[in-house]
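Paired with chain B in one complex and with chain C in the other, chain A is shared by the two complexes that follow.
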Partner chain A sequence: MKRFIGFIQKEFYHIFRDTRSLFILFGMPIAQIMLFGFAITNEINNVDIAILDHAKDATTEEIINKISSSKYFSIKQMITREADIETAFQKGKIKAVLNFEKDFAKNLVVEESAKVQIITDATDPNTANAITNYITSILQNYQQSLNKDIQLDYQIIPQTRMVYNAELKSVFMFVPGVMTIILMLVSAMMTSISITREKELGTMEILLVSPLKPFQVIIGKVVPYIFLSIINAAIIVLLSIFIFKMPVEGSLFLLGAESVLFIITSLALGILISTIAKTQQSAMMISLMGLMLPVILLSGFIFPISSMPTVLQIISNIIPAKWFIIIIKGIMLKGVELTYIWKETLILIGMTVFFIVLSIKKYKIRLE
Partner chain B sequence: MKTENVIEVQDLTKAFGDFKAVNAISFEVKKGEIFGFLGANGAGKTTAIKMLIGISHPTSGRAKVVGYDVFTQPESIKKNIGYMSQRFALYDDLTVNENINFFGGIYGLSRVQIREKRKQLIEELGLEDVADKLVGALPLGWKQKLSFSVSLFHDPKIVFLDEPTGGVDPITRRQFWEMIYKAADQGTTIFVTTHYMDEAEYCDRVSIMVEGRIEALDTPKKLKQQFGVDSMNDVFLKLARNIE
Partner chain C sequence: MRTIGYIIQKEFKQIFRNKGMLPIIFILPILQLVVLSNAATYEVNNIKFAYIDSDHSSTSRTLIEKFDASSFFDVLAVYPSDKQATSAMLSGEVDVVIEIPNHFERDLLKEKSTTLGVRINAIDGSAAGVKGGYINEIVQDFNREVRLDYMDASRRDIKPAMIWGIPSFWYNTSLDYKTFMVPGILVLLVTMISLFLSGMNIVREKEIGTLEQLNVTPISKSQFIIGKLFPFWVIGLGLLTIGLILAKIIFNTPMLGSMFLLYVYTSVYILLILGMGLFISNYTDTQQQAMFIAWFFVVIFILMSGLFTPIESMPKWAQIITEFNPIKYFVEVVRMLLLKGSGWADILPQLLKTFACAVIMNALAVWSYKKTT
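And now, the complex of A and B:
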């Protein structure tokens, strides 16, 4: 046991004396969280739009005021001719154009209907959708205010509630995903690099000749990263709570326990990778290509799994991150108990055991 | 006075499928001997050593190292031997002290023991000024000498040296061999492989492996007589030519 402690101590020395790994371990997570939290957002805020007002009457002025006073839009340009619409878009500064027909107010009163065209720049489809929806709802609100004295015979009044994320903050979506990626990065990639480094330097041989048992060597390599990953997870959660005001609705203890489980799953994966990779470079490549990329694309982090083709949906099931994201979102945003996520937890446990058994087998073969 | 055998090998074989990397070799090494284990690259030396130090499972034959069976007791062997290879001396990003502490620790020495022996070792090697410096900053010759001392730290009965003097200047090589003599005088058996044929002359006995078999085993003097040449280098060349 004492030999073991000395070994773990050595591992910590290695980690803290290598500035590159320190950067990946601590710098990256913080940078990523900041990036995703602040810079990258799905929300609409101060979107620049242009108005082409053929009518220039009191009604259009009211509508335009409503739009410009909303925090979502900022009226950048008033266009005078149809021909200028194209140019306005091409210059790239505006994302939408509102085109009011001539005699807008008059048509509203006389024919009880007036037309307004919403043209959106759909090179970013998601934003375009959001913009169109927001503008439409502003128009509908205005319409309702005009009609408030008229009673319709049948009314269907939808009441919408966005549960668990009332303000539709995208940070709520990103934080669980970023946390998953970082835990996986630190645990899997760093572990596999650490083990292959010993192989590359030739020190693995020395360790194998020593009285240390092979499993002690592996566990010893892994233990420091468990600690560091837990610290990382804690930092991320703290940052989310205090800087992004993202709540943790559920039990912190459960969050911690599930995080430790996922960390172990990733570590087991890292060990498995180290049995395949011969050099640190290849370990890093396999971790990045084989883990990061599928995780970012297929885990439901950014792109919803249900929108993917069936084949990819099936593949996404073998990615541990997918299950962990469900678990984290459940705990952080919905406050669920273990009873709701036992299935996903069991799947993660199963995967961990599978990876560990596979790694042990491969190591036995290697030693022969 | 009977000198015990620290290594006893009988028909030791390691086969990979049909290919016999080590083909039924037999030899003994006595306590306190400096035994040179020579052979060209690919002759099977490394494979043989791996079996003796307990990290490779033999296919057949028998071998005992420090009294323990290679097949059934490799863990006990590991506790009682030292090992140093040219590929790796010590961890470059740990200090001299930290390296010593680490290796002492994994060989089961207590803190007190480590502290005392470490002081002794550093004094003997004259490393007081660099004890807290990273090993990576030391010149190669110092690293090799330190590495050798570390391999002896837990007082093993035998130490396996795998081409320990590679890339080192002649003076340092001479100093290194003096350390080897000293250790042998104190009763530690030395099992060394090398490509430097002049180092073969320093050994008590030498074996030469060719294509998995031991083709020569005797003192350097007798081998030179046997092959009618003046140097171990020529012995080696003759053997290599015979096989072609």
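And now, the complex of A and C:
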């Protein structure tokens, strides 16, 4: 045991001696969560649009005013000919063009119906869709204000309540995701690199002939990183509470315990990578290339999993980050107890055990 | 010139000798391109829907049938009371619960107006907005039908004025998000491979100690750097080519603009990325440090590239930061060239900016590389 403690001490020395890495280790997650917490949003804001107004009457003017006074759009250009729509899009700045038909106001009064075409640059279909939705709802509001004198019979009025995030802040969606991605990549990368480093530099041999058992070597390597990751997690949680005003509806203790569990899962994954990789380079390529995009895309961090094709929904189940994101959102935003997230917790535990068992099987005590 | 040739040969040999790395460089990115391009959608469908029906009338049943018939909603469960519904929301089994109150039908027919409780899990705010919109649409539709069924003929003439917003999606009429995502993800993969490989390269020689051996050879600084970077430049362009071919075959991505322009731009772009990698390599002592820094920048570049979330929505200061994001320009150029068929003049600003950055970055990299240790 004394030897083991000595070994862990050595690992801590290694880490603390490399101040540059240490700085990166703590500085980067903080910088990233600040940057992303403020910058990433899938709301629509200040989108540049152009107007092609064939009618130029009081009604279209009123609608245009409504649109330009909303924070979602800024009108950059007034177009006069249909042909100019194409040029506006080609330049790449304009994302949508509103095309009002001739005699808009007259049609609205006489025929009780008037048309406006919402042309969007759908090379980015997600944004195009959102823009169309926002403009349609502005039009609908305007229409309602026109019709407010008409009493309609037989109305079912939906009373919609947005639960868990009443103000529809996108920070609530993204902070758990960013936290997960940072913990996952930092933990998995750190361990996989630090073990392969010993292999590549040849010091692994020395460790293997020492009286320490192989599994003690591995545990000793991981323990310092567990501490570092816990500090990282704590910093991130504090930032999200105090800067982004994320609520913690559930128990802080449970949040901490689940975070530790997830850190251990990631570290176990890192160990597994290090048993496969021979050089630091391949360890890092596996943990960066192999993990970064799948974790960003398949974890439900940005894109809703339920909308993906079935095959991908199935694949997403093997991404540990997916389960952790469900857990954090549950605890922080919904305020659930363990009784609601025991399944996700069990899955994470299962994955951890699986990674560890597999690493032990693959771990070579001898060098080739 | 011969010296450079030999260094290039050495680098290629080292890359292709490492059998463990080859699949990571070539197969992993391609696999991700094919699989992950399908994941990146903001479409909202398969909404997990449940309801509480306290009325049990024919009207309430017809309304639920409407939701059942909609392709957006999966009607998963009916709960007898609010308690079960809340618990299902908490555990994430359902995301939308509508609650049909007592006397729903009676109120609708007698008072001519009734309410409907709707609860939406709004953690994903923008999706919640869309779900709310779908529900409103269905209810409006239902209202119209009810009105036709019950209204007196005399009052049927009163029609509200309607403004029809007719959506028209240009360049991608079917709103196929894969057309948009495939080029974007390809950009990310090319960037990641080039940056990670070049960022690790020189620092690796440093860590193992072979850099000293190279430093005592008569190879000049610029020869050394050109020789080091060229292989990765080739790999980056090779990856782009494979990716484009697959995009055409599997996803049928349109390629309207000039491929020549795309290659011109990519050549300059990869040069910029390699310069960055080299710069990182020069300023770090271990591969671990180099990797952390490369990782830091790549995550920022990816998430602030406008690929997954729109740049226009970011606050002003963040938009200014994105001006320095090479991935942003690459994504713009690829989209413009492949999907819109833009020409020289349209991509010139991006090309010039990228070129300027590439020159600066590589100058810095060469300048900071010292032949002494």
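Criterion: the second predicted complex is superposed on the first by the 344 of 368 C-alpha atoms of A that agree within 3 Å, B and C clash if a C-alpha of one lies under 4 Å from a C-alpha of the other, contacts with A are read in each partner's own complex, and residues count from 1 in each chain.
We take it that contacts are C-beta pairs under 8 Å (C-beta built on N, C-alpha and C of every residue); 3 or more make two chains touch, one makes a residue touch a chain.
Owing to the predicted nature of the structure, the values given are computational and were not obtained by experimental measurement.
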| item | value |
| --- | --- |
| Touched partner set for A:Glu205, first chain B, second chain C, both or neither | first |
| Touched partner set for A:Arg17, first chain B, second chain C, both or neither | first |
| First (chain B), second (chain C), both or neither touched by A:His54 | neither |
| First, second, both or neither for A:Lys2, with chain B first and chain C second | first |
| First, second, both or neither for A:Met285, with chain B first and chain C second | second |
| Which of chain B and chain C A:Lys334 touches, first, second, both or neither | second |
| First (chain B), second (chain C), both or neither touched by A:Ala277 | second |
| In the superposition, chain B vs chain C on chain A residues touched | C |
| Chain B and chain C contact sites that coincide on chain A, given as residue numbers | 18, 201 |
| In the complex with chain B, residue positions of chain A that touch it | 2-3, 5-7, 9-10, 13-14, 17-18, 201-203, 205-213, 367-368 |
| Chain A residues within the chain C interface of the complex | 18, 20-21, 24-25, 28, 31-32, 35-36, 38-48, 63, 89-92, 95, 108-109, 112-130, 132-133, 135-137, 139-140, 142-143, 146-147, 150, 152-170, 172-173, 181, 185, 189-190, 193-194, 197, 200-201, 277-282, 284-286, 288-290, 292-294, 296-298, 302-304, 306-309, 311-312, 315-316, 326, 329-330, 333-334, 336, 340-341 |
| Touching residues (chain side chain C, partner chain A) in the complex | 18, 20-21, 24-25, 28-29, 32, 35-36, 38-48, 63, 87, 89-92, 95, 98, 108-109, 112-130, 132-133, 135-136, 139, 142-143, 146-147, 150-151, 155, 158-173, 175-177, 179-180, 185, 188-189, 192-193, 196-197, 200, 204, 207-208, 284-289, 291-296, 298-300, 302-304, 308-310, 312-315, 318, 321, 332, 335-336, 339-340, 342, 346 |
| Chain A partner contacts - residues on chain B that touch it in the complex | 53-57, 75, 78-79, 81, 83, 85, 87-88, 91, 93-94, 98, 101-103, 105-108 |
